[in-house]
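In what comes next, subunit A is part of two complexes: it sits with subunit B in the first one and with subunit C in the second one.
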Partner chain A sequence: MNEKNNTLLIYTLLYFGFLYVPVLFLPIFSFNDANYMSFPLAGFTTEHYEEMWSKRNLHKALWASIKVGVVASVVSTTIALFAAKAFARYKFRGQKISYGAIMMPFLIPEIILAVAILIIWVNLGFKLGLVPVTIGHTLFCTPFAMLILIARIEGFDFSLEEASRDLGENAWGTFYRVSLPLYLPGIVAALLLSFIISFDEFILAFFLTGSDATLPMYMWGQMRFVQKLPHVLALGAVIIVFTTLIVLLAFWLRNVGQGKGKKDIAIKI
Partner chain B sequence: MLNLWRKLYVKSEIIRAYSLLSPALVLVILAMAVPMGLMLSFSMFTQVSMMEIDYTFTFQRYIDFFQKNLLVTLLIKSIKISFLVTLITLVTAYPVCYYIAFYVKKNKMLWLVLLTLPFWTSYLLRVFSWKIILGTKGVINSSLMNAGILSEPLTFLMYSETAVVITLTHAWAAFALLPLYVSLEKIDFSLIEAGRDLGLSRFEVFWKITFPLSLPGVIGAILIIFIPTVGDYVTPALLGGTDGRMLSNMIQAYFGKINNIPLGAASATIMLATVAIITIIVSNVTKRLTQRLT
Partner chain C sequence: MNNSFIQINNISKHFADVKAVDDVSFEIKEGEFFSLLGPSGCGKTTLLRLLAGFEYPTSGNLLIDGIDITALPPDKRPTNMVFQNYAIFPHLNVEKNIQFGLRKLGLSSDEIEKRVKDVLSLVKLEGYEERFSNQLSGGQRQRVALARALVRQPKVLLLDEPLGALDKKLRDEMQLELRTLQKNIGITFVFVTHDQQEAISMSDRVAVMNNGKIQQLSAPNDLYKNPENIFVSDFIGETNFLKAETKLSDGEFISVSIEELGEFKIKNNLNISANSTDVVCSVRPESMMISKVKSDWDICLDAKIKQTSYLGEMTRFYVEAKGIDKIITVSSQHFDNQSFENNECFISMSLEDISLLNKK
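Right, the complex of A and B next:
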């Protein structure tokens, strides 16, 4: 279509405003020198950011979130990589059902997953804590990681792997030297995005952490007290900047070498 | 034995496929299917006292659910809120996707990244930012009062169904945009041109060609918003007050301070059944609609 449509353009820009402006209030008020979040702004301060250094519980929660996020993203990406390979490479009976089953955690309300895991965990006699949270997050991240990886592997020329096998390389060697370098941008993108999903996840953590708070749980606890809100705003602003950077990196990686990849490899071989 | 297995593995594609799938399937079975099965059986038990549960099977919890006005009201309210959120998101997001699919020529990728980026920022913080905007001393009220337009804050903004609907619409928008965009992008533009050449009006072109062809994206968007919002906990808890409470808040209470795990499990099962029924209805209706329109 060559024509322009200014009405739609203006509407689209307004919609972007609706998406972005609300989130911007967090950083704005995090520099405001007052306990209430209202206009007019009271003056500029970085005090709320400095406050974060002294909060012991915040550091503990941050560390908990990092541990859970790293384990959940590594495990779910590994599991998803195998599954993605199966779906991209083979046609087999039960393919649709298996795909549906693996996508399920993404399709049912999270609170139901949380409740179900809570019931079984407590009845097995285990203590609530970061372990069931990590299990829940792994379950929840796997479909995301799989979608990213299937998109990456789908255009893959599997004759490259066959060539490697024919030339005498064993299965691990083929994976390590041929497949892995080609999948790598997708794998890193899946790792980063799974980490962010786990890092920001609230409901599963809310039901399953017990007393070991993750970062979203910590923020939830602080949100109830007006005088503690400013440092939650500062923390929120930092988290938003950090997640945005990671997600942009993941998006960039996901597209890197897509389409061009085959040529590069052909030259190397 | 190992040799036989290796031979089978090399020969049979289906065995190779399922070996690759097995970790994912084991995860889904152990961490989802089995726990949900157990949840289903707990919904048929009875909570005797704080620590004690009677394990004889009964359907009493489901009868309890439908006899408690509060629970039925909350279920209906959850469906109503999700329905509104889905409808508003679809109507407002469709033109945006339409614009990007048909009018944007350069840097389409950048537009898409910008659209989906807010979805990746913490859900809790996105909801919280609406508390800042809608609160009694929040952005809207303080601005209006400073400008002299209001003398007292608008109270209906916060702790209400309206607050929940607005916030959820914002929180799940990015989710709706992707399937809509993908289905619009796939449309062969020569079909639209053909329609115009045959003398159809702009509205007819849209209603008879563009919209029916984008229906798969519409179904995708409906399900992807409706399912999670029915079970949303954070937004009603932070912004709903008593007016905007939803079923999830009660489910949480049954597992928390009320401590009636069987009734909580029954409520969760009913929520799951609702989601399943609505998924079936939506896909059937859209299938019929597609057949009639194309």
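Right, the complex of A and C next:
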């Protein structure tokens, strides 16, 4: 019995090590006073962070990623909210097909999605840039946002909306005064996760950005030069910290206000 | 008093192939406590939701106080509803819940404050203004739901099994309280329940529903004493059905052969046809008498007790009686399971307690 438990413990430790040790190297080497990622460590420095701070192109790329991320997350969460409400609340013809259609970008290899958008965009005579990237990210984020929102809305007691209608509110008033406040934690969670997905996304950006790099594109560009590696490590470390915080916040929000019995619904994604 | 305050005219509601409500017509009086009673799936809740405006009828129309409301959305109707699960807004406190429906009425803030205060005292929830739904007991939630609906001063209050979630003792208390409240404020109540005791004890009139149709609409005591068909007789209270066959009819009375007991002249309130085998006799357990010695009642039978159950205020006997080929149930307040030697007894019934019903 005891032996069995030890095996499980070793497996668990190995598993988490496999997951997180490579990620931990980034922050460690980002404070290492050397250009190469190798042991032994050469000494502590914050020089790489200072270098990161001074790069104009990095700032531009960061700003581009934020713009794309905000627009893509807001648009995809809005689309996802309407869709999730329809799927969770009503039975209608073509329900399964339209659900599948929205989930499709989730399953199609990203590179194919990227190529498809590229071909259409160029053939329509438009210039590559942040606009097609935003469109691609919106497509890609919508299924994630919808899964989160469906989980939130499925546990929703729709007699609350009927009660609001009964108490004299019209459909919009009901949405604004009852549905929206109750969906809000789910909406914020969907916004945050969509933003993170867009912020991290590389393949679509690689095909569609043209000259305006997003942050992952910028990092990719810097990787080619050995002497530029350390400040990318510093940037990577900062991004890890921020995305972890945002994801934790999103998960926490997703479960806020859901009764204990409903938690399983929230976690089933 | 307006006798046709609510008019339900030929209302049908079909969901795909299911006729949830099937060509129903009746009227509800102003200020009446009216109950829709029936087993689950009988159409009572659908009918209530049609009145509230959450469903629209397949055909027919609805009038309240002379105004056709058939096509009006819920927010334009003079009705308010107390939901089965209360549907208290979880993101608002008690006070905000109650104020919710006042915003669109164009009242001054003084008037709003006064109405909220009055209704809180009406449902005895003063001091609970700041509480949220999850900080309230079931009974308190029920009061909030009631207050939230009543504060809008609707012409009709619709109640969808509001006592179903409460425990027995609290339910009995709330029954009395709801009844008193309704008499005091004089608003028409339409109350949906599957609990026959609840409907009978609270209502001025009850409509018993089954399969989307009204089976009987009458005052509670009539429902109990003069059921119009086998469904109502079975659903309201408890009863024993006896095999029967009608013979000759002479107007008010009809000759009926009951089981192996012989022929009897029974009052024919429902105009049941002569020489029919499609009939049944119903006799309630508490209208029969169980005794140690023979009685001089219209029918008195030798019987043997098969089983007894002691219920506190009465004892229920399951007996085999001579001439009746099934176990019949008799209840008695005067005897308990110790009273009879060798389970030998007599059971007696009076002809006026036997009702003759059509099987269909």
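FYI, the second predicted complex is superposed on the first by the 255 of 269 C-alpha atoms of A that agree within 3 Å, B and C clash if a C-alpha of one lies under 4 Å from a C-alpha of the other, contacts with A are read in each partner's own complex, and residues count from 1 in each chain.
Basically, a residue touches a chain if its C-beta (ideal position, glycine included) is under 8 Å from a C-beta of that chain, and two chains touch if they have at least 3 such contacts.
All values reported here derive from a predicted model rather than from experimental measurement.
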item: Clash or fit, subunit B versus subunit C on superposed subunit A; value: fit
item: Partner chain(s) touched by A:V178 [first = subunit B, second = subunit C, both, neither]; value: second
item: Contacts of A:F225 with subunit B and subunit C, given as first, second, both or neither; value: neither
item: When both partners are placed on the shared chain, which of subunit B and subunit C touches more of subunit A; value: B
item: Subunit B versus subunit C as contact partner of A:A86, first or second or both or neither; value: first
item: Once both complexes are placed on the shared chain, angle at subunit A toward subunit B and subunit C, C-alpha, multiple of 10 degrees; value: 100
item: First, second, both or neither for A:D157, with subunit B first and subunit C second; value: second
item: Touched partner set for A:N123, first subunit B, second subunit C, both or neither; value: first
item: Subunit B versus subunit C as contact partner of A:D166, first or second or both or neither; value: second
item: Subunit B versus subunit C as contact partner of A:W53, first or second or both or neither; value: neither
item: Least Cα gap, in Å, left between subunit B and subunit C after the two complexes are fitted on chain A; value: 7
item: In the complex, subunit A residues that touch subunit B; value: 1, 4-5, 8-9, 11-12, 15-16, 18-20, 22-23, 25-26, 29, 36-40, 78-80, 82-83, 85-86, 89-93, 95, 98, 101-102, 104-105, 107-113, 115-120, 123, 135-136, 138-139, 142, 146, 193, 196, 199-200, 202-203, 206-207, 216, 219-220, 223, 232, 236, 239-240, 243-244, 247-248, 251, 255
item: Complex contact set, residues of subunit A against subunit C; value: 157, 159-160, 162-170, 173, 177-178, 181-182, 257
item: Subunit B to subunit A touching residues, read off their complex; value: 13-14, 16-18, 20-25, 27-28, 31-32, 34-36, 38-39, 42, 92-93, 95-96, 98-100, 102-103, 109, 113-115, 117-118, 120-126, 128-133, 135, 137-139, 141-143, 146, 170, 173-174, 189, 223, 227-228, 230-234, 238, 248, 251-252, 255, 261, 264-265, 268, 271-272, 275
item: Residues of subunit C defined as touching subunit A within the complex; value: 52-54, 73-75, 79-81, 83-85, 87, 89-91, 100-101, 103-105, 148-149, 152
